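Chain nomenclature is as follows: A, B, C, D, E and F, assigned in order of appearance, with residue numbering initiated at 1 for each chain independently.
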Amino acid sequence: MPIINIKITKEGVTPAQKQALIKGATQLMVDVLDKAPQVTFVVIEEVETDDWGIGFDQVSMLRQQNLSPK
Amino acid sequence: MPIINIKITKEGVTPAQKQALIKGATQLMVDVLDKAPQVTFVVIEEVETDDWGIGFDQVSMLRQQNLSPK
Amino acid sequence: MPIINIKITKEGVTPAQKQALIKGATQLMVDVLDKAPQVTFVVIEEVETDDWGIGFDQVSMLRQQNLSPK
Amino acid sequence: MPIINIKITKEGVTPAQKQALIKGATQLMVDVLDKAPQVTFVVIEEVETDDWGIGFDQVSMLRQQNLSPK
Amino acid sequence: MPIINIKITKEGVTPAQKQALIKGATQLMVDVLDKAPQVTFVVIEEVETDDWGIGFDQVSMLRQQNLSPK
Amino acid sequence: MPIINIKITKEGVTPAQKQALIKGATQLMVDVLDKAPQVTFVVIEEVETDDWGIGFDQVSMLRQQNLSPK
């Protein structure tokens, strides 16, 4: 019964990509720990780039200057 | 000074239900652990059904097929 | 399928109290939101009083001076 | 490589204030623990005042009655 | 720069399995979202079975009665 | 009433450093957002280096090879 929380910046992630993240994360729990999928939760949290900071700066600003990795 | 975080799918929870969750969770801390309500935080997090996965699939999809419990 | 996370200071909470917290939090989800208990997770997180701060100070220090509410 | 998560009520925090929170939190990690800024994450989470409870009540309600501290 | 938090019950997960979880979760971010591994954090949180509840009960108790899925 | 959660690797952080983190984080909320210290929570979470991954690997392994920044 794992809970996998995936926190990412809100930058156009599609429903199909979200389904792939959920499927992949659940499969990882099955493969590595033999967990039961029916009680494996995956929760995706998208964060505005204004609200995420790295190296002193907001990702929104770093993106404008093409300075930060995805 | 507990912090209770309630993560639920975003499916029409009303303000009155939120007040009931906050009241009930706080009362639980008072009853079981004798905690002080004035420093008991309850935070509700509503998650889009596209962003919540169980059993390999997004809840949004499972809901369309009436497949997943509330 | 709610996830309820209960963060409390590590101050002698007994297994019976933990069972009461889990039961009460699950019942709250059933009563207020008609959620399915079999996919309702409750996770308790105990935090050392050195690691929890309120009003600029560690709870461990405030406890020594009988200064902070439970 | 710290992760600092700042959870606050959604009450008009400006982009400049968010930048100041990110800068200040990162500087704190550098000053106290000599952490590397380029792998220090700061994530700000704004919570609706309906979704945050203290002392049995929603902050939204307490704000209407000027009852709760910021 | 995703943050993946994996919360699992504390039931004998080996260092090798932890490495496999970290590798697999990072690879998932690279494959699905083309994220940069050097700023992809994976954090594993092991929770005592007394502290995790499902269906009203502590996992520790359910395990004794062989009642709950992994 | 902010909640600041500071997640760091478990690598010998002293009680005095924890007090400095709590003091500094609280002061940041007062300075930037004029928040009330008496309802400002700071919670420090120390994570084993086996349980924290960056760039596909566990920090414990990277530390052995002097490969990862603090």
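The rule we apply is simple: contacts are C-beta pairs under 8 Å (C-beta built on N, C-alpha and C of every residue); 3 or more make two chains touch, one makes a residue touch a chain.
Keep in mind that this is a model prediction, so the values were computed, not measured.
Novice: On the document's contact criterion, could you list the chains that touch chain B and likewise touch chain D?
Specialist: A, F
Novice: Using residue numbers, check each pair in A-C, B-D or D-E against C-F and return the one sharing over half of the contact pairs.
Specialist: B-D
Novice: Taking CA centroids for every chain, report which one is farthest away from chain C.
Specialist: Centroid comparison gives A as the farthest chain from chain C.
Novice: Give the chain pair, either E-F or B-C, that is connected by more C-beta contacts.
Specialist: If we tally the contacting C-beta pairs, B-C comes out ahead.
Novice: Based on mean C-alpha positions, I'd like to know which chain lies farthest from chain D.
Specialist: E
Novice: Using CA atom averages as chain centres, what separation in Å is found between chain D and chain F?
Specialist: Once rounded, the distance between the two centres reads 15 Å.
Novice: Would you kindly tell me how far, in whole Å, the mean C-alpha position of chain F lies from that of chain B?
Specialist: Whole-Å distance between the two chain centres: 26.
Novice: Distance between chain A and chain D based on Cα centroids, please, to the nearest Å.
Specialist: The mean C-alpha positions of chain A and chain D differ by 21 Å.
Novice: Using the touch definition from the top, which residues of chain D touch two or more other chains?
Specialist: Touching at least two other chains: 1, 3, 7, 21, 25, 38-39, 41, 43, 52, 54.
Novice: Spell out all pairs of chains that touch, sorted by label.
Specialist: Listed by label, chains in contact pair as A-B, A-C, A-D, A-E, B-C, B-D, B-F, C-E, C-F, D-E, D-F, E-F.
Novice: Would you mind writing out the residues of chain E in touch with chain F in their complex?
Specialist: Residues 15, 18-19, 21-23, 25-27, 37-46 of chain E touch chain F in their complex.
Novice: Which residues, counting only chain C, touch chain F once they are in their complex?
Specialist: The contact residues of chain C facing chain F are 7, 47, 50-58, 60-61.
Novice: Taking the complex as given, what residues does chain B use to touch chain C?
Specialist: It comes out as residues 1-9, 13, 17, 20-21, 24-25, 28-29, 31-36, 38-39, 52, 54, 59, 68-70.
Novice: Could you list, by residue number, the parts of chain C that touch chain A in their complex?
Specialist: 1, 3, 39, 41, 43
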